[in-house]
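By written order: A, B, C and D. Residues from 1 in each chain.
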Amino acid sequence: MIKEGDKVLLYGEDGSKFIITVEANKKKGTHLGHIDMEELIGKKFGEIIHIGKKRKKFFLLKPTFIDLIFSMKRKTQIIYPKDASYILFKLDVKPGDRIIDTGVGSGAMCGAFARVVGPHGKVYGYEKRKDFYALAQKNLKEWGLLENVEIKLRDIIYGFDEKEVNALLLDVPDPYNYLEKCWEALTGGGKIGIICPTTNQVQETLEKLYELPFVEIEVWENLMRKYKPVPQRLRPVDRMVAHTTYMIFATKVLEKTGGVL
Amino acid sequence: MIKEGDKVLLYGEDGSKFIITVEANKKKGTHLGHIDMEELIGKKFGEIIHIGKKRKKFFLLKPTFIDLIFSMKRKTQIIYPKDASYILFKLDVKPGDRIIDTGVGSGAMCGAFARVVGPHGKVYGYEKRKDFYALAQKNLKEWGLLENVEIKLRDIIYGFDEKEVNALLLDVPDPYNYLEKCWEALTGGGKIGIICPTTNQVQETLEKLYELPFVEIEVWENLMRKYKPVPQRLRPVDRMVAHTTYMIFATKVLEKTGGVL
Amino acid sequence: MIKEGDKVLLYGEDGSKFIITVEANKKKGTHLGHIDMEELIGKKFGEIIHIGKKRKKFFLLKPTFIDLIFSMKRKTQIIYPKDASYILFKLDVKPGDRIIDTGVGSGAMCGAFARVVGPHGKVYGYEKRKDFYALAQKNLKEWGLLENVEIKLRDIIYGFDEKEVNALLLDVPDPYNYLEKCWEALTGGGKIGIICPTTNQVQETLEKLYELPFVEIEVWENLMRKYKPVPQRLRPVDRMVAHTTYMIFATKVLEKTGGVL
Amino acid sequence: MIKEGDKVLLYGEDGSKFIITVEANKKKGTHLGHIDMEELIGKKFGEIIHIGKKRKKFFLLKPTFIDLIFSMKRKTQIIYPKDASYILFKLDVKPGDRIIDTGVGSGAMCGAFARVVGPHGKVYGYEKRKDFYALAQKNLKEWGLLENVEIKLRDIIYGFDEKEVNALLLDVPDPYNYLEKCWEALTGGGKIGIICPTTNQVQETLEKLYELPFVEIEVWENLMRKYKPVPQRLRPVDRMVAHTTYMIFATKVLEKTGGVL
């Protein structure tokens, strides 16, 4: 049952989509007319409401995490779902894990980590810009995920407070400058993921990685292609995202590798 | 500290990889010589041991879930990490969710779901073949993930016992024959994911999906490309996986859509 | 030396591009000001002219065939350079060849074939729509390629006049209906190329192809990705073409294959 | 009609392929038995012969240029058809053109250029290694394409003899060292294509290109994917080529660009 305070994705028959937070006795204006929020309370997810004079149909859906991050206010480049999901898998994030995420940006990856590590885990976010820090706090609170996330307003040049974290995601313009600090924060066998939009960043980061005790160094990129879901004329869409980022992954070891990949 | 019963990934300086379960007073034969398991106990993940007369270095790593599924015994086509991770994200799987997975096959997706839904969630697996059923039970037990997974040896032609599940993954050769049963098991706003290796399956499945109350119907494919991690000569590897499967996603609604996508 | 009647690509320092045909004593208006065409005559390709009050620089370039087809008037979907060039190679088009192209559309592929078959070869175009026929005639004349192209205003349901052609390109919405006619027009060992934007067309076309004496049946698709040409931040562009068409290729033989691919 | 001296591609019902040159009164041994070449003479392309005791069917096909380059003896990395065909198009190669190709390697690109420029055009190949030079001569002679190709055994560090060539393909490990020499050889508005397998080569080459009078600087890569040609189960093949090379293209102008792309 939908109740006050719930987030609801309104999915219109015209393909329009927007997310609202249900507040009793409030109205929400849309391009089709006003929605009386009172009307939503007590309805089930999956039901229909009608809006405006033309009685346009809107399905009431529960917003997914992907819906939330694409509808949030953001000031930074977002990590795309295709990459975010792969990072969670490659960093082997699981309930109970302790994770560092830096830079936090709009907070989407902090949220993605927080959902998986659960109540017995913890996410430590580092962000040096005040405006991003405030935005991430706001977003995570809105998603109900702030409880097991702690964001610190700090430059990572001074290193991390945590030790023995299970995994660390490094998403800054100059990742090669912080790899030693990252290594120090990780537990033995812990995983690092590094976001590098350009080939130059990948090259410089790899060079530094080989100087430190890391193994299983891998570089990946991910091309997702959507299809027009028309059974009689099945074919990919006309245009797609060509690039978001390269992703580097590596595993911390406790002794110098002597050149082992 | 590594202790008896732990799984350890041995990662050799020659690039070789294998997983062992630590048992006191046992030896494990490798292509380089015997490993005395006693020696591993009390070591930390990330440390090195030396094996054989040539004292070859092996790093002691904690196997990730990806390591586990690629090293398990399997008799079926596996869902690749690139697809498995995206499915988790698109089905919006989170702690506490109740999920159906069918067919179970070797149990890898059951395990992937189980890790995320955590102790307050539940995964229901349906598998009609006895040998797969037994294999999945064995694999999930080995991964320590059987606790919140229940596998049923049954053909899904008779439908599912569960109602109001949050999400359902359908991985069978003829998905178009079970969509009505899937719809019945899902909660309003719940998500279905469908594995279709061929374009013919996608077409037939889409046709049936449009006859049922589903919205947000999407078809995706995922091309992951690895790079040679050499900073002075950065370039993709020579060959890559060209295709694993198409993935269909949709959301259950409670009323007929009248042709809305 | 640039002379009257030459086509010139004006490539501006602001990235703008347009093609003009040089006519003495004429002026051409642009968004930056008038170009006195007289001024171009006698200049070399690669030189600069200045336009307008702000003396904006424009390089004088010789338009390539790609420039010409992207700047032509067209009413139909164009075959992209990535596909057109591969088709030329797979159909093994060479000087002296006799080629059929159908449907002709805007004439771009007729032109591409004509350039390669040269003065001793011949391209036969079939087009059933009057407006396309007229447009293709106009475009090919403009490109100076009409001499060894003969376009026929005719539905291919009645077959082709030519026999023993070296290759044939079939670009119509229902290719599966004309494969027998195509087979009849080809020489033994001759090549057919078929344009199929959807998977459904590919499936239906393959089915018919296997019923006829064709071997070396192949299906391809081509993903071209452009990079931002910035040496310090080398990375792919943000968005790319996701799909143009699938391409089927096959070779005519003189006896039934009995199921040989 | 097949006659003495013709090259014939034998395409077997078991999918095997090989190319022979027809010589009267000779036999050719195959894995299935001997072929009496006499038997081929007078047959048409597309016809069948039967080989060996089991009377296995082989279709007589005319080898395409792709067949020839994949069956030739080669000591170097070949430029793949997907890239070779795109290069021909982007360099706007047409009958009558004068083209430089360096390094020549096994001669495949020289041959590809020679086929298009035709009898009124000319291809100048530069190759510094004696063994490659001899191999390319041999291959081009075999393909019947040596007439309008002239290969020079020389290091391009000393520049090119030709001036005002229409296009130039630069395929050497250190392209950034020869761009000035290339610029000198090209005509105004002429095209350069550069083969760079690694991102590092692309970066270094771009840097140098911007210092010289070149415009329309573009970087491309090409992913071709083949499908299993089975109409009832249409899907891509399992594995594909992940990378061959990046390709840079640019156009020579006669004056410094002052930073224009």
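Definition applied: contacts are C-beta pairs under 8 Å (C-beta built on N, C-alpha and C of every residue); 3 or more make two chains touch, one makes a residue touch a chain.
Quick caveat, the model's predicted, so the values are computed rather than measured.
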Open item on the list: Show me the overlap between the contact partners of subunit C and those of subunit D.
Closed with: A, B
Task: Pair of chains joined by more contacts [C-beta pairs], B-D or A-D - done: B-D
Open item on the list: As a quick test, compute the distance in whole Å between the mean CA positions of subunit B and subunit D.
Closed with: 44
Task: Residues of subunit B engaged with two or more neighbouring chains - done: 199-200, 202-203, 223, 225-226, 232, 234
Task: Residue ranges of subunit C in contact with subunit D within the complex - done: 11, 13, 15, 44-48, 57, 59-62, 64-66, 81-82, 84-86, 88-90, 92, 94-95, 115-116, 118-119, 187-191, 199, 202-204, 206-207, 210, 213, 215-232, 234, 246, 248, 251-255, 257-258, 260-261
- [ ] Over in the complex, which subunit B residues touch subunit D? Could you list them?
- [x] 197-200, 223, 225-226, 232-243
TODO: Please name which positions on subunit C make contact with subunit B in the complex.
DONE: 199-200, 202-203
